[in-house]
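After this come two complexes, each holding chain A, first together with chain B and then together with chain C.
Moving on to the complex of A and B:
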């Protein structure tokens, strides 16, 4: 794949993930404010999230969006600071995406299934 | 007599020993910055090098950095930029200085060529005129960007050009956008491939300095955003390999 095509598709992926994150962040913040102002305890919150396919799907999508969005943006920042793109940066960003995905999905599993690993 | 204190860049780049030299220039009504530069060259120091041609905002050759901002000097009245009676005139930023206020524009125009800014006809002289509806989306996009006269004010004002020397810059990308919207052109895919990537439209940070400072009130930022959308579509459909 040419650099032009890769960059064009990465731009598209970043814009699409940004649109998803915009919704996810608003829902997440609203949920947190409602939960805290409503006086829910951690146990009560976990009681609602555990076994919930809806919350698992929502935060799963949230994590996917983050794992896609952040490495693409970081890739551009690192490349600009170094003055050039390289295969090494792409590999490092793929690894960063994998770490974000693993940590995020682990957290989602913890609050929706009770299993942290 | 009411005078202006004018600091003018003399010599080559700063690294080559260039620097500001001060002059006192008589202030006159309706005086432009180009009038000031011309006064210095004609009356004070004939070795001062600068460019101008039309003096009425048509050719774009007299662009310089006036009090830190790229402008056409022929269309900039002294009273609008030197309220305190002080002027600082330097060559355009982001371009190599040849001498005094004259920059080497080769890099700027080479990038137009690299962005495939040439029209590639699909018809011949035997074909009839191509019908282009004036109200069509493509024609309106061309209309919004076509009036560029290549003065390099946008290029000189762009932060990204300053830190990424390979970046094609707002003017070349704006030109490419007019051709991407030209239904008569036969090199759309090659052009989109040329303007995508780290040196092309994807390097733009949307600071909008080009749009803010374009003397023709064009919006290269909008053209670049259009190129990002067009290249994304071309990449999805396989038009960019």
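Moving on to the complex of A and C:
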């Protein structure tokens, strides 16, 4: 794949993920603002999310969007600071995406699987 | 003009809302990217049971951590506001006259979110 085509695809992926994340972040902010009233407990969090296919799907999409959006943004910042793109930066950002995806999906599984209490 | 004569760090070029919007968007994005792995690791504690997650939540019940949480809510909300402005600029066309108002709405909205979170957290 040519460098120009790769840049175009990454630009598109960054904007597409941003559009999805915008909706996710609005829901996440509203949930957080309401959920912290009266203190936050594991029972309260897990009571809302465990066994819920809807929350699992929502947070799954959220993690996918973040794992795409954050590394592309970091890649642009690092390349701008170094003055050029390189394969090393791409590999490092791919690794960061993999870490975010793995930890994020693990977190989604942790809060959504198991019995609803 | 000789490239060497360009003053790349000229602060006069940064004294406007657009530059500050760029800086805040970049700093908030970096902050969120650094925070995310820790956030996921904490939520992953629920794999070993609700008690483990409660242990971490109890640790967060201290002023400095609460202040950090409020700051993170602000960073998330301001990155959202700044990002929506960028999408509007890139897909809706550049309207110079709208930019100060859009930046002010993004900053105000983020401040409101952080204040609402702080009030409920208290």
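Rule of thumb we're sticking to: the second predicted complex is superposed on the first by the 109 of 117 C-alpha atoms of A that agree within 3 Å, B and C clash if a C-alpha of one lies under 4 Å from a C-alpha of the other, contacts with A are read in each partner's own complex, and residues count from 1 in each chain.
In this text, contacts are C-beta pairs under 8 Å (C-beta built on N, C-alpha and C of every residue); 3 or more make two chains touch, one makes a residue touch a chain.
Keep in mind that what you see is a predicted model, and the values were worked out from it rather than measured.
Visitor: Determine, under the contact definition given at the top, whether A:19 touches first (chain B), second (chain C), both, or neither.
Guide: In the superposed model, A:19 contacts chain C only, not chain B.
Visitor: For A:111, is the partner it touches chain B (first), chain C (second), both, or none of the two (neither)?
Guide: The answer is second: A:111 touches chain C but not chain B.
Visitor: Which partner does A:41 contact after superposing on A: first (chain B), second (chain C), both, neither?
Guide: Second partner only, chain C.
Visitor: Going by the touch definition up top, name the partner, chain B or chain C, that contacts more of chain A.
Guide: For chain A, the partner with the higher number of touched residues is C.
Visitor: What part of chain A is shared between its chain B contacts and its chain C contacts?
Guide: Chain A residues touching both partners: 15.
Visitor: Contact residues on chain A for chain B in the complex?
Guide: 1-5, 7-9, 11-12, 15, 76, 79-80, 83-85
Visitor: Which bits of chain A are touching chain C when the two form their complex?
Guide: 15, 18-19, 21-22, 25-26, 28-29, 32-34, 36-37, 40-43, 45-46, 63, 66, 70, 73-74, 77, 99-100, 103-104, 106-107, 109-111
Visitor: Under the definition above, what is the set of chain B residues touching chain A in their complex?
Guide: Going by the criterion above, the answer is residues 163-164, 192-194, 196-198, 200, 202, 228, 231-232, 234-236, 240-241.
Visitor: With touch defined as at the start, can you tell me which chain C residues reach chain A in the complex?
Guide: 26, 29-30, 32-33, 36-37, 39-41, 43-47, 50-51, 53-54, 57, 60, 73, 76-77, 79-80, 83-84, 86-87, 90-91, 113, 116-117, 120-121
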